[in-house]
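The first chain written gets the first letter, and so on, giving A, B, C and D; residue counts start at 1 in each chain.
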């Protein structure tokens, strides 16, 4: 899926940052950090997930929906997949 | 913050499940899994984060805002923290 | 519910602005305005609804959860109502 | 934009229902209905706006991004418009 090496590296870097944020939340809960601080960390990771989703949606649009040279059927499938993902995400 | 052992264990279990989902997304990106599958996984982790946030908000409300015996100032602070977290989360 | 005249006037003003935005969207659809423009208007009204929700949540928190002088039962009920509303909103 | 009469009629019907919900919220605030009831109504209208957005996004995708016969430039523009709208909506 990751359509160029640069894209793939950037997506992996984003995902690893999110893994680090989740690990910090786990430590904060285990260490009984203040509620307000933990709420703040979780709100932050939500933003990071939104950023990852946004990047994946943009890549999918580019590679599987608007890219020149796709067949009509490929485009239709790419578009359906994108709508399904957006709907599930927005739930 | 985690106000009983049962609550804390449940929050930790939730957080570890999310860490597992993030690790699976990292593997999927590294292994160049299909775009649609990865979008689906990210939409799923977004739901899991929402569930964690919901549980933390409910606990914070219970322990720092509505609990009998808090001072007016403690309640006011607990309420402000909750609003700030919800606002940041909703961004 | 609106706990002071100033609050009530502000909430009514916000709600009327939203009604105006919805009327503009209806005209745009009826007049077959461009898709992109309509999408933009709907995204804007979503932000205005979020602002109204935020103000209502803050008022409810203030008046029915943290206000000095409430009974424990009133606070518990106010808190439960707030969590229910936030959950429904986040769906 | 509305690409068939059936689509346009359905979008107009949705928009009018939302206008009715907003008018009900205005009456509830003016009549000082209970806070919890008003919060519930606003959460409901948020869902209706999400439904309208979803329908518009699906139509835009169909007509301006995946439709057979568009030029590469038209598709690219349609895709960019869709991403911009989704980003603004998700804010």
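Odds and ends about this structure:
Going forward, a residue touches a chain if its C-beta (ideal position, glycine included) is under 8 Å from a C-beta of that chain, and two chains touch if they have at least 3 such contacts.
All values reported here derive from a predicted model rather than from experimental measurement.
Interface chain A/chain B: over half of the residue numbers present appear on both copies, so the contact uses mostly the same residues.
Residue-numbered contact pairs of A-D overlap by over half with those of B-C, the repeat interface among A-B, C-D or B-C. Here B-C and C-D were compared by C-beta pairs in contact; the pair with more is C-D. If you average the Cα atoms of chain A and of chain C, the two centres end up 28 Å apart. Measuring from the averaged C-alpha position of chain C to that of chain D gives a distance of 17 Å. Look at where the CA atoms of chain B average out and do the same for chain C: the two points lie 23 Å apart.
For chain C, the set of residues touching two or more other chains reads 50, 57, 82, 91. If you draw each protein chain as a dot and join the dots that touch, you get one closed loop, with every dot joined to exactly two others. All chain pairs in contact, by the document's touch criterion: A-B, A-D, B-C, C-D. Chain A meets chain B in the complex at residues 1-2, 8, 11-12, 15-16, 18-19, 22-23, 25-26, 29-30, 32-40, 42-47, 49-50, 52-53, 56-57, 59-60, 63-64, 81-82, 84-85, 88-89, 91.
Note for the complex: chain C touches chain B at residues 50, 54, 57-58, 61-62, 65-66, 68, 72, 75-76, 78-79, 82-83, 86-87, 90.
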